[in-house]
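What follows is chain A paired twice: with chain B in the first complex and chain C in the second.
And then the complex of A and B:
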């Protein structure tokens, strides 16, 4: 049937519903967790909630791997979804974040003896896990959305859940303040996104990304399409915290409880980048990224500048931070910059340069690099925040880097994992972060953006300073008075220990000997995006 | 077609609504007004979507799915406002003010 006929837009197979399962499971488990929380009652041990949400994430990961990975990226469900290995890898990265962060906060509220009261009493647990899972559902939908309607609903599902999560610790002024800033700027950017989609629709007459990619826009409509594409990209760059639009990031990250900060830094970024690549693919293919300038669309030069600014701004901002969460916020901005290098390399294929074949290879590398980088980034950030959560569970506030002093003496295993994850973020060989960076930067070199890659390399050399400073503080300083003493025996701490262990082991495993199944999935994902 | 509702007229009104919203967000200091301005932006986008969908009605090769999107966007906006107002109330309990000029609520520190 003609894909554009009105009837075909309503027709779908019953079998298509299979592809919705990975999106439906987290939403279903979100509801289960909320109900379970009522049965558990106040002040009880909330570990079952963590286990339930972990089970939900595990089922989702299996479903995504089994159902999405073999799919080719052809549109299903009346063209609203395009499941592929690309979505499967992004889903894995998101689920790593949800599971590990969920486990690491498992028993905040348990300590009735007065230890950990600060966080314990103010995070309502059922809501926390419920919102985590609802947000996860939106994120997964975003990675395979093939329709701007689905895309918008998905990004808003995750955003609204994360606004609420940021303010979940509502008795603390900082939490409410961070939530408000995030909310105002997030809603502002959502409006840009919606208006951009409208203009793009006005220029092309379609909401579907796959149809968009094959649409030839009339020259008279091209300016409108370009403006629409720009507004969409602005909306998405807000979400990932690229530099002209990053002002909300440090405050939201600092204000939110550490658990939520960890989740935001992983899930929102992974989903937004996966969505951005899919949208940019449609934009580039229909020519909405602008006319050619030196062999590639104007849009990729604009993104070049955004990437350069983000890499510089993120790393420069992180240098002076004393609060671990603010430091991780700027580190997250810097990583957005490295990922934008992949996006720039990806957009080069849409120009009419002399070596189009080479550009396609570069785009393929960029998409594969992005996916691997997202996995590595999710693991490393999950590790860092799992350790911070683990410490906060003992009733310590981790509001300054000095609070981490001597961690190697008091908590040797946590300190080791934290060090490994920080080195992975810095991109030291032997960790997953190194391979991710290598892959992304290789794509940048292949697409001819040597200058940008050199800049990013120098910036990541600078980033070593602030990552290693934490390692030095943990290993070379004596523990502060009171830090060690706050340790109370919590019989059920295995949940967060497990999260920390998994993050550390997987970071090393992916970095030293990445399993073939993962590599194949990553390459398949890139294949689904770049034909 | 009625001359008052030509496609261009609809789009101009939509663009105006959106711009008024942007101006409101950027210039007003009261969080409630900022929220209203964001709603104005969303409604401008909605109007533009409906306008395009009407323009494309019965045209070959064009889809009218923007009509659906407007319904979705309205539902989403309602949910967003519900969360936003609760956050505003939570913040108000701490700072007793809805102005972004309030020292605790305004500074985007670096």
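And then the complex of A and C:
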């Protein structure tokens, strides 16, 4: 086409805008809560904000399910988006996090008597919900982005909102420190990501993942493409907190208010893993993961070591933690490790081994396992953080595990949900976490990574120690005087109660009898990724 | 192979070198040849011709400066986006392509609308007032 002749038609179908709706709804509701907060006025009941955000998330979930799930993963909007069931499941996991955490914040910032950790004193409530929803919008875009530029814009949309959220308690030094570390290292990793993308573009001439997957790179350009792919992976591994790129995680998680920590630990991780699988699909198919070494690309062996280090590092780090948020940070690193096992299994398909068909099955299993695991992880983490938020209203943070002592006596229902969610994180049968782990590890065995799976299994046996220790503290110790467990009644509690209840019930439901609709969606999602 | 990749950059490197040489030489010449008769006023930092506001930069000053600067950047960027959009609409788009034109118009209206919501929010939150 002559570049000077006037443009006469769109390069995409106008109907493609339908697929943008699930990304647009959270942004729209973000603006609505900002404006709504102005009209609610100072010192008024802020529950409507939580309800509005919850409504926004619900609409988004319905839209994602209705619009993305039937899509095949073919690129739309001039190749910038590739909606599929894969994106729909990841979106559900992200929205679980946003909704439940949003509801538990409703309580958190609610303290009518003026005492308590009142986030609203540091920042307007509307801005808190606004940032949560804007970040959610970026996360959803990440799960279906098909163009690396779109992907980068999405990751920055979510990152900038989450940096701000980390530093939300601006009068607390810890919060500022965590935000600063997260921001500086996050900007650093964004540079890695961008540089990798530009090198990959230089080598392949495309920014689109679907085109990338079908590109045959010239042997002379292969080194540049491999370096580019490595840098992109480093940027993403940083975001999910894989060892050795995990140093920011404990500080950011400890510094941020618990609600924000919960949101970070769910949304950012789910979005980054969904994005990572999609990008690795492109990288592997075009050969940017490196030449074959013992039947699979070098890149999958590198990821093998990263996964092993992450599994060991996360679980070992969690053993000695006394602060619940730090503990959850290391627990999150450990879960990154288990999910990386799925990623390793996923990358094995790109080798040229004799059992290529089996590797495709393993990759399919890995993608499905990842999706189910993300759902289970989102629910369990949302439950744990909803309980912590629920307890934090007495003025002191839940800064030590001892603050949870005797919770079973003072708050039996919260303690029960917390225990269920911790068991789900540990992977005990009867909870969603067990099925997730089973699925992911099965993929690992199918792809021939038995050693890695055994390592992950041993590490998750170790993880029982620190998860069960919390349960022991809650159930077998007497409550301390004046701890969070002894908080007074508050009429606004139902929001966070609801969040806790939903997290607990869904964790059990998905673990005991996962509904067919969800399983079908998960399998469809894997199908969309692995052809 | 590798060398051929960088051939195109030779001109850029030459320009960089020339800029560097001119800059260094000019500064050196003025340092060597220029007369120097310092007075107190000459030693003060130049602040657009007005009296010196404060003696050191390491002082606390109002957060409002940042707010105004950030809002300025926001609306500055809006302008930067709108000019090429307007030029494209005028010269780069087929005047008969009704569908394309309406989509482009809707998109830019959305963009301006989002910024308008932001402006409205800042206004209502009294972010535009100096005290």
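The definition used in the following text is that the second predicted complex is superposed on the first by the 505 of 531 C-alpha atoms of A that agree within 3 Å, B and C clash if a C-alpha of one lies under 4 Å from a C-alpha of the other, contacts with A are read in each partner's own complex, and residues count from 1 in each chain.
Going forward, contacts are C-beta pairs under 8 Å (C-beta built on N, C-alpha and C of every residue); 3 or more make two chains touch, one makes a residue touch a chain.
Predicted, not measured: the structure shown is a model, and the values here were computed from it.
Looking at the shared chain after the overlay, A:148 reaches chain B, while chain C stays out of its contact range. Shared-chain residue A:244: touches no atom of chain B or chain C.
Contact with neither chain B nor chain C is seen for A:451 once the two complexes are overlaid on the shared chain. Contacts of A:183 after superposition: chain B is touched, whereas chain C is not reached.
With both structures placed on the common chain, the touch criterion links A:412 to neither chain B nor chain C. Touch criterion met: A:14 reaches chain C, while chain B stays clear of it.
Of the two partner chains placed around the shared chain by superposition, chain C is the only one that A:35 touches, whereas chain B remains out of contact.
In the superposed pair of complexes, A:207 makes contact with chain B only, with no contact to chain C.
Residues 6, 9 of chain A contact both chain B in one complex and chain C in the other.
By the touch criterion stated above, chain A contacts chain C in their complex at residues 6-10, 14, 27, 31, 34-35, 38, 124, 220.
Residues 11, 14, 18, 21, 25, 31, 34-35, 38, 41-42, 44-46, 48-49, 51-52, 55-56, 59-66, 68-69, 72-73, 76, 79-80, 83-84, 86-88, 90-91, 93-95, 104-105, 108-110 of chain B are the ones touching chain A in the complex.
Taken in their complex, chain A has these residues touching chain B: 4, 6, 9, 147-149, 152-153, 156, 159-160, 163-164, 167, 170, 173, 176-177, 179-181, 183-184, 187-188, 190-192, 194-195, 197-199, 201-202, 205-208, 211, 247-248, 250-251, 317. Residue ranges on chain C touching chain A, taken from their complex, read 1, 88, 91-97, 99-100, 103, 114, 117, 120-121, 124-125.
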